[in-house]
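The following pair of complexes shares a single chain, chain A, combined with chain B in the former and chain C in the latter.
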Partner chain A sequence: MQADRIGVLTGVHFIDGDFAAAEGAIAAGCRFAAGYPITPSTEVVERLASRFPFVGGLFIQMEDEIASSIAIQGAVWAGAKAITVSSGPGISLMAEHIGYAAMTETPCVFVNVQRGGPSTGLPTLPGQADVMQARWGSHGDYAIIALCPNSPQEAFDLAVTAFNFAERYRSPVMLLLDECIGHMLEKVVIPPADEIEVVPRRLTEKKPGDYLPYLPGDNMVPEMVKAGMGHRFHITGLTHDERGYPVMTAAAQEKLVRRLVDKIRLASRDLALYEARWLDDAEVVVLSYGITSRVVHRAVEVARERGAKVGQLRLKTIWPFPEHLIDQLLGGRVRSIVVPELNLGQLVLEVERTTRGRAKVVPIGHAGGTVHEVGVIVEAILEAAK
Partner chain B sequence: MSTPVATHERPDAPVRAEAPGCEPPENPVTKFLRTDRLPHIWCAGCGIGTSVNCFARAVDACKIPLDNISVVSGIGCTGRVAGYLRLDSFHTTHGRAIPFATGLKLANPELKVVVYSGDGDLTAIGGNHLIHAGRRNVDLTVICVNNFTYGMTGGQVAPTTPLQAVATTTPYGNLEEPFNLCHLADSAGAVYVARWTTYHVRQLQKSITKALQKHGFSFVEVLSPCPTLYGRRNRVGDGLAMERMFKERCVIKNGAATHDTAFDALASGQIPIGDFVDRDRPAFLQRYNQVMRAQLGDDFVPYGEPEIDTRAEADQFAGPEG
Partner chain C sequence: MSEANTSEIRIAGFGGQGVILAGMILGKGATIFENRHATLVQSFGPEARGGSCSAQVVLSDQPIAYPYVARPRILVAMSQEAFERFAPDLAPNGLLVYEQDLVKVHDLRPDLRSFGIPATRIAEELRRRMVLNIVMVGFVAAVTGLVGVEAARKAVVDSVPKGTEHLNVTAFDKGCEYGRRLIAGGPAGEGKA
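Coming up: the complex of A and B.
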């Protein structure tokens, strides 16, 4: 389906990543947002608050992030596409409801414009230290999708994708910006509405009585429903059966939780968005995501000028971690994978796990607050290429 | 959890055989229940089921199409209500029924949205949401079953537990004075506030009917026995004894100022009950549509509430430019 023209600001814009993410959400059909102000994410909801009245949407500033993260889920069950937006401390407060969305299979989007942490940390400066939180932030076993743009343009594009993935998999999706991408002003081209692919809500066409809210359909994903359709359905965060009724048994737990995890994990290839450069002859690969990939871009060029056979793999989808890409890399001549990130070693753990000793993995940690020096990454590449 | 565990896997409750020609009239509440989930988890003598009975009859009296009502609960013994009602129903997280309901209502204003939950859920962990929903005047009806304790988790102290009452976490008596929930809801801005008990079933049913018919944030407190955890520990006795206590001590004070409606459930004084507040002020979406129309004119795409002519009342909210 194509985007609804009413929400799409087709044209060339000079806006920051926060605004671009908001525009992407609107283009994707999002018409409900709830949030609570926090730097550096506030501009996303400010944009939504000013734009929504023109497109039939509504933003509500809730009393806190806990409320915001569950209000959007109420809106989803009323039929809306919905988003909430925050940064580190607020995302921590939302944790319980990320799990609720996973458990109840409520399609919705959480934006985290990452700043330095832990705690109040560095409100106005970048970090990438919420990568593991995005994956594991709520309690219990579940799987989640997380996307990492590296430009305002991509904040727009991936906001659309985030909504599409949410609908396709009936899952919460995290859109992980960072302070740099959120506040960076760049050219953003918003295409005509009919060039933006939008996945609509897949509402059941079954008659009341025939529909089961948790009967797995295509790709293990059940069809959706909304309040007021006459189905008189029940939704609970308790372990439940296909009717949505609570069932307190190990068997029900095994069946449900395994499906919740598998529907995302087994879709890893379809969900894997990435960009690769110079992998053909690469012996060293720098794997990065978000703002760090822009520093890597330059570092790889410099290292190649200095003779290193180095390539670049930039992940746009970090969760589910695209394990098959690591396998592909290691099928060739790659000996080392260098992983710079604005944390002291998070996604690199996943690289190490999936490499399984087949290559040397070199973390380049950084506590955040600014980006890496190009030279630091160049040195690491040259060292790895020796 | 020290209460009985959900027994949803059991077959339907047995149907009592009746002599031919003597079929009992259909219970008006049956159509509201997910009979395939019975028997329920509540203890004998618990007041929650009585409140559900009143609620179902109130919905019936309002003639709201059942497909248009959603019930949202938090977590607790009362939080299980959503699961037993044959309506669109949402069992959310502890304390968060109100913000969930806010999103549900705002995204489809045609729905009648009812929040049905316990005193701990709505006024301890969810207290912040309660006061803000009242302040915003979101069009919701909140039914708060106040059993003076945390039932589901085994009888811990709640913000409603009387001073000196024994709970598992106040083994030597509660040190904190309880909330007067009606005063709280009133101060927050609710347009309808009432307190009844599970003894006063007719009044409670009428009161819920009124609450459902209000446009805005309505709050009904239902004093209810939890014999298993509160009554037993505090020598109030079983469910029946607690109902008797409600009968003897409650005094109907319709229209009373809510700051005069505090009570001590453990002592011997009066317990003021009644319809305390009934007033009108614009609900959240009403105002949203009015203000946006005034500010943005025809560029505004109205949101929900089709029955409200936003143009007519737009002027009073007009900004500096008109």
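Coming up: the complex of A and C.
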């Protein structure tokens, strides 16, 4: 279906990634947000709080991040699309409820505007060191979807996509900005509402008594209900059967947890959003995401001017990790994959794992606080191209 | 980056002076009112006021891949610290625009041109010191031509709180007028330290 015209600020804007993410959420139909302020993510909820009164939405500043991360899930079961927003330290507090959303299959969006860490780290400066936290931050086995925009425009676009993926897979989705993208202002073109595709919640048409809340349907995803439709069942973080009742057996655990992981993992190709440049003749590929990809863009231009056959693969979807894209890269000319990121080696571990020795993988770690120097990436490319 | 009519600017001063808003107005003027492209990357400390604060602005006719500015063509310095820290980075034949009561220019490279304005004093004459950044934006528009004066004025109106449009447009026009007079004055206005 198409976006509700009321929520869409169609036009040309000059806004930062935080505001753009908020506008994307509203365009996607989000009408509930709960949060607790933290730099550099506060502008997202500021924007939601100022815009919601005009679109019939509700923002609650909660007592902390733990409460925020569960308040949104209450709102979802009441029928809303909902979001919470934070940065590293706050996301750590939300970790418990990210797992709860995965286990209860509550579609919702968590935004993490990454700053330098660990702990309170560098509040106003960038990092990309929450990449593994996004994947594994809550305990237990689960899968999650994580998207990384590299511009305010894409913060808008991928916020819409995050809600659409959340509904389609009934999963929490992590929108991973970094401080640079969050606080960077750039032109954002918001299209007319009828050009924005929005995935509605798939509510069951079954009558109370016939409906099994955790009976997998298409794509292994169960249909949903909302409070007030007349269905009575239990929503629990405990291992449960198709009726939603707790069942403390290995068989129930195997069935449920395997499905929760598989519904995301097996959809990896459908979820993989990316951008590729100059791969045709590439012997070296630089793989990046978020703000780092814009530094890489310049570095690849410089390295090509200096004769290196280098291409660029930019991931917009980092989780589930798009293993097939690495497979497609290899088997031909590509000898090396260079992976700069604003951490000391996180997503590069996935690249190494999926490359399985078929190419040399070159990490370019950076502890964060600023972006890489272009020259450092150029040198690594030229070295790899030798 | 000279292709595609690209300009790189750094605006720097204290937190609370409206450094980021000044950059935002230039970017908004270029993107919304001239249909060009702009990026603004901001850096600031955890303090709300008083710390050093700067914006890196790139304006171009084409989409901008790399939003960082290592050697800006133009530096807008609104504090002494900003001048000391960033003036050495100016590109060859670059331009320094500065608040002349807050910045004491010294040892300027001979290839650089400079234009100063007492923006704080002009803002105080309007009884609102806080509009000094808008005075500065008017001045920058007039002396650099980065963004058309009309586009920049529209961006001011679009960016300031409702009810303060008149004050801000007046501040913008004062800065603009000062800049035009300085340029009309020819070499006498230039290279002034």
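Points worth noting:
FYI, the second predicted complex is superposed on the first by the 386 of 386 C-alpha atoms of A that agree within 3 Å, B and C clash if a C-alpha of one lies under 4 Å from a C-alpha of the other, contacts with A are read in each partner's own complex, and residues count from 1 in each chain.
In this section, a contact is a pair of C-beta atoms (placed from the backbone, for glycine too) under 8 Å apart; a residue touches a chain by one contact, two chains touch by 3 or more.
Keep in mind the model is a prediction, meaning the values are calculated, not measured.
For the composite obtained by superposing both complexes on chain A, the positions of chain B and chain C are free of clash and fit together. In the superposed pair of complexes, A:315 makes contact with neither chain B nor chain C.
Once the two complexes are laid over each other on the shared chain, residue contacts for A:155 go to neither chain B nor chain C. In the overlay built on the shared chain, the residue A:221 is in contact with neither chain B nor chain C. Contacts of A:57 after superposition on the shared chain: chain B is touched, whereas chain C is not. By the document's definition of touching, of the two partners only chain B reaches A:77; chain C does not. When the two complexes are superposed, the chain touching more residues of chain A, out of chain B and chain C, is B. An angle of 110 degrees, to the nearest 10, separates chain B from chain C at the C-alpha centre of chain A in the overlay. In the superposed model, A:297 makes contact with chain C only, not with chain B. In the superposition on chain A, contact of A:124 is made with chain C only, not with chain B. For the pair chain B and chain C, the minimum alpha-carbon spacing after aligning on chain A is 12 Å. When the two complexes are superposed on chain A, none of the residues of chain A touches both chain B and chain C. The touching residues of chain A, when paired with chain B in their complex, are 6, 31-32, 34, 53-58, 60, 62-64, 66-68, 70-80, 82, 96-97, 100, 226-238, 245-249. Chain C contributes residues 23-24, 27-28, 31-32, 35, 37-46, 64-68 to its touches with chain A in the complex.
Interface residues of chain A facing chain C in the complex, by the touch rule stated above, are 12-14, 39, 123-125, 180, 183-187, 294-295, 297-298, 371, 374. Those residues of chain B whose C-beta lies close enough to touch chain A in the complex are 5-6, 8-9, 34, 37, 66-68, 70, 72, 82-83, 86-93, 95-96, 98-108, 110-111, 128-129, 132, 288, 292, 295-296, 299-303.
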